[in-house]
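Presented sequentially are two complexes of chain A, the first with chain B as partner and the second with chain C.
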Partner chain A sequence: MKLRLVLVALCLAFVSAEAMAWSGLTHNAIGHIADQHLTPEAKAKRNHYLNHTLAYYASWQDEVAWSKEYAETRFWHAVRFDAKNRFQYREGRNAITHISRIWNEMRNGGYKKLDDSTIVVNLKLLTHMVGDMHCPSHNMYDADPSPKVKRFSILYKGKKVYWHKFWDSSASSYFHRKWTCRDYQKNLDVLTPKQIAKICKGTPEQWAKQNGKDMREPYTLLIPHTELSEMPAENIARMTEIVDLQIQRGAYRLAHVINDIFKE
Partner chain B sequence: MAMKRFLLLLVSVATILSAQAWSGIGNPATRAFAKQFMTPEARKENARIWKLNKKYPAEKSDKPTDLRWNKVTLDADLRSTTTYEGDVVVQMERAAEVLRNRKNYSEKEQIEAMRTVTYNMILLHTFGNISIEGNELTNGFFVLLSSGAAADVNASKMRKYKWQTLWNRAILLRHYGFTADMYAEELAISHGNNKDAFSAGTIRDWAADMGAELSKQLEGAKPNMVVDRLKMLEYETVNDRIMAKAGYRLAALLNDVLK
Partner chain C sequence: MKKIFLVVAFALVAFGASAWNVTQDEGVVVLATKNLTPEAKSMVEKYLGTSYADDVQYLTNLEKKKAAKHSKEIHYLHLDSSLQPMKVEGDDALASLEKMMEVVRTRNSHSKAEVVTALRTIINLMCDIHNFSYVRIEGVPHSQQEFTFQSYGGDVGKRKTTNKVWWSRFWNAYGGWHVGFSGNLWAEDLELCHGKQREEFAAGSLQEWVSQTAVQASKLYERIKPEYAMTRRERNELEYLNYEMIARAGYRLGKLFNELAK
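Entry: the complex of A and B
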């Protein structure tokens, strides 16, 4: 009996040590692709202020969300929509308001009026929030009466996983198994300058409106209470397309915001 | 009986894993960083010696075959004075001499010396492998890993983690999807100006410096202390610095012995 317990404990130790989170990986991939699209000026400023790449700090906001100092940022990760895809302000408890606020505050040389520590925190927040606003589960439709966009659970490897948790913990490893950030960059950073410019056109509010419209589809592709591997192949293929597009949008828009801030 | 054999196998795998210096990315990232600072001459010799190994013609399997003991022993004044042949520092000094006088040694001995120098440089910079005389904490202790801020999470819900393993594995596994060269780029950005300061000295000086780094982190530490997410961010900065030190020092040592 003791032997069995030791065996189980050893197996658990191995499994937990290798566990990976979707959220971290996708954020890092978005940051890494964005890093490749920074102008020389923006890259120099990134190195000066962050002392690291955007990819390195892509999940920083998740790390500090639990601290008292950054407690208010806990509500800056997601965007909620009404039935007409209008994002809900909710007294500033949304990602869009703060992406716009920081961008406006820092652009046109505005960053020069801020102290270094504020610039550092702002860059880390932007890196995470621009990625987060493109995650399907961070586009929420709580105020929408339609049952199609209510949160539900599916089965992943036999375990019940809720909508939000699915996107935060398992999805990327399912859609692109064993991809590193370099793999994401190699496979997804393939758009032409014209296509990238089209993605970056507009304001965070307009990007949110587009997400609000597009992110309804994933809710219809995943079938509630069904094992992921048993869902129709065309649904998974379409879901992969959506994930890839959202990563591209997040990455190119992040680079666009940072480049604009440090434009001389 | 079958279960006993399986258990034995698992324990063997666990032993091998625990002997690794850093998690998967730590060792190759440090080597990738070091390569940026190697002279063309040292880089050429480095490549030549690795190619002598027919089974693993690259640094894929860098662990020395005769690795018996993976500890760095320091006295209470943080000096490395041991002559014990199993000590990381002693092994490195001997291997460095083999590489320096490599014409007098067989191919097999050169390969083994290269593996020892490369691998032990990483062991030298891993907190979990450093033992300081009189400091019980360096023998190992457990901490409670909090998923949030220390004050917000119930202690019963925290995960018990060996402090040394936190440094060997957990910190480095935080950057999901990073490749070794990506991590090397991070080290270049954050420590690109510290080459001379970090690489000066001898192997024993570096051991003493690592003893000082470890002592600083152990100040105020105690078994079952809570390590929260903010503390992990602090640890990460320290870990990056010691990885950069390992990389600069590996390059300096190889530049010297492969002249």
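Entry: the complex of A and C
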């Protein structure tokens, strides 16, 4: 009986770590930056199918993940890596498989073969997943034996906060206090077309591999069981750089995927 | 200690409780501004300038500074059991709106300060009359005061748990999806979603708009009572309804200013 309870508790912990990652604000900021980079064709299709900006639907998948209808998608937010930074397929329970699947299905006019409601759901999912795969806490290394990449907690304003929860809620407000979506766009949407093209080059699998390599660093910057404000300033500064880069990657790649899908 | 807390909590709830949040109100104003005639634009700019930062929560800010001269009823719509406007001691939102509109209509016989106050009050109250938490219906006890209900996190997983939610907070912070939206982003998104309904939303008179809010609020109060258990799906549906109300407020505020400027 006790073993069963432990298993249930472990399952719940696992499930809760899957969904959510960036806070709603960061997701919306990623959507807002992506909105600015849609081609006129993609923008027209966005308006036609979604009747909203990408920013509006950026957190949608987190809202519906807990309904029976979308229960399956709870496992489509994150990516897990092995020790060699290869992402784990896990029977489709990862973000990359579904970003690639939807992108391939819809590109080269493929979306024209789908009914409108499928297109709408696919666009909403992409809007969330492409941002989410870039969140540090959604790059998981639980198959890696290194103790540095295990789940741990820090202290934030005196309270114990787990790694995942930190990125869910506290992180965006900590690194950029009081920023709105517009502030994120104004401050981070500053790359040249050449830099943006470099970020967008490749496939979701390649982006994941890059994240798998890069997202180990944040685990080393936050010191377990330590108050965030007491951590070395250089760690926080580096963390801010990483957060900003991940937001840029998420935003530009999201626009790139949507533009490619609706390319005439 | 507990008593003091309760008194403070009640005072907060009873006076100047939460309406929509600042960015939602800004969204209403930006949307209205996009739909002004040149005549109305020039009238609004003459009195309020081009930045509405001080205007969107004018009444609430006065209340926070304890500098309010208006009645605490100013935010609310008081309706009898057949949903007709009711006279209350101190003007409610509808009565106040009508008075302020008259000031703007006869603006040449008023001081600039009076017209500024009237325009600011109109902006605030046009938001309030579209917010269900400000509707009080005779014979519906839970509409007369703040109450809580239960909101389910979801049908599956850990979100099966319920959270206690305050009625006014529910409509106000329903920024869940829209956190970080500025007024401009609200307006851009509202136009995308409801731009085609602009004429439909703005049609009718102030009294008809109030009546529409009243009918909708009455249905909501019938369903959502203290300790009601709301599903996640229902919560998301109400999010869309609230979103529509913000769009209605924006298009109607624009129309009102256009008419007043004539």
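One rule holds in what follows: the second predicted complex is superposed on the first by the 242 of 264 C-alpha atoms of A that agree within 3 Å, B and C clash if a C-alpha of one lies under 4 Å from a C-alpha of the other, contacts with A are read in each partner's own complex, and residues count from 1 in each chain.
Keep in mind that, in the parts below, a residue touches a chain if its C-beta (ideal position, glycine included) is under 8 Å from a C-beta of that chain, and two chains touch if they have at least 3 such contacts.
Nothing here was measured: the structure is a model prediction, and the numbers come from that model.
In the superposition on chain A, A:Asn47 makes contact with both chain B and chain C.
In the superposition on chain A, A:Lys113 makes contact with neither chain B nor chain C. Contacts of A:Trp66 after superposition on the shared chain: both chain B and chain C are touched. In the superposed model, A:Ala29 makes contact with both chain B and chain C.
Of the two partner chains placed by the overlay, only chain C lies in contact with A:Arg74; chain B stays clear of it.
Legend: residue contacts after superposition of the two complexes on their common chain; A:Arg177 is shown touching neither chain B nor chain C. Shared-chain residue A:Ala55: touches chain B and chain C both.
When the two structures are aligned on the shared chain, A:His225 is found in touch with neither chain B nor chain C.
Residues 24-25, 28-29, 32, 47, 51-53, 55-56, 59-60, 63-64, 66-68, 179-182, 184 of chain A lie at the contact with chain B in one complex and at the contact with chain C in the other. Considering their complex, residues 12, 15-16, 23-25, 28-29, 32, 47, 50-53, 55-56, 59-60, 63-68, 71, 74, 179-182, 184 of chain A touch chain C.
The residues of chain A lying in touch with chain B in their complex are 3-4, 6-7, 10-11, 13, 17, 20-21, 24-25, 28-29, 32, 47, 51-53, 55-56, 59-60, 63-64, 66-68, 179-182, 184. Residues of chain C touching chain A in their complex: 23, 153-159, 176-182, 184-185, 188-189, 192-193, 232-233, 236.
Residue ranges of chain B in contact with chain A, taken from their complex: 3-4, 6-7, 10-11, 14, 147-149, 151-152, 169, 173-179, 182, 185-186, 189-190, 228-230, 232-233.
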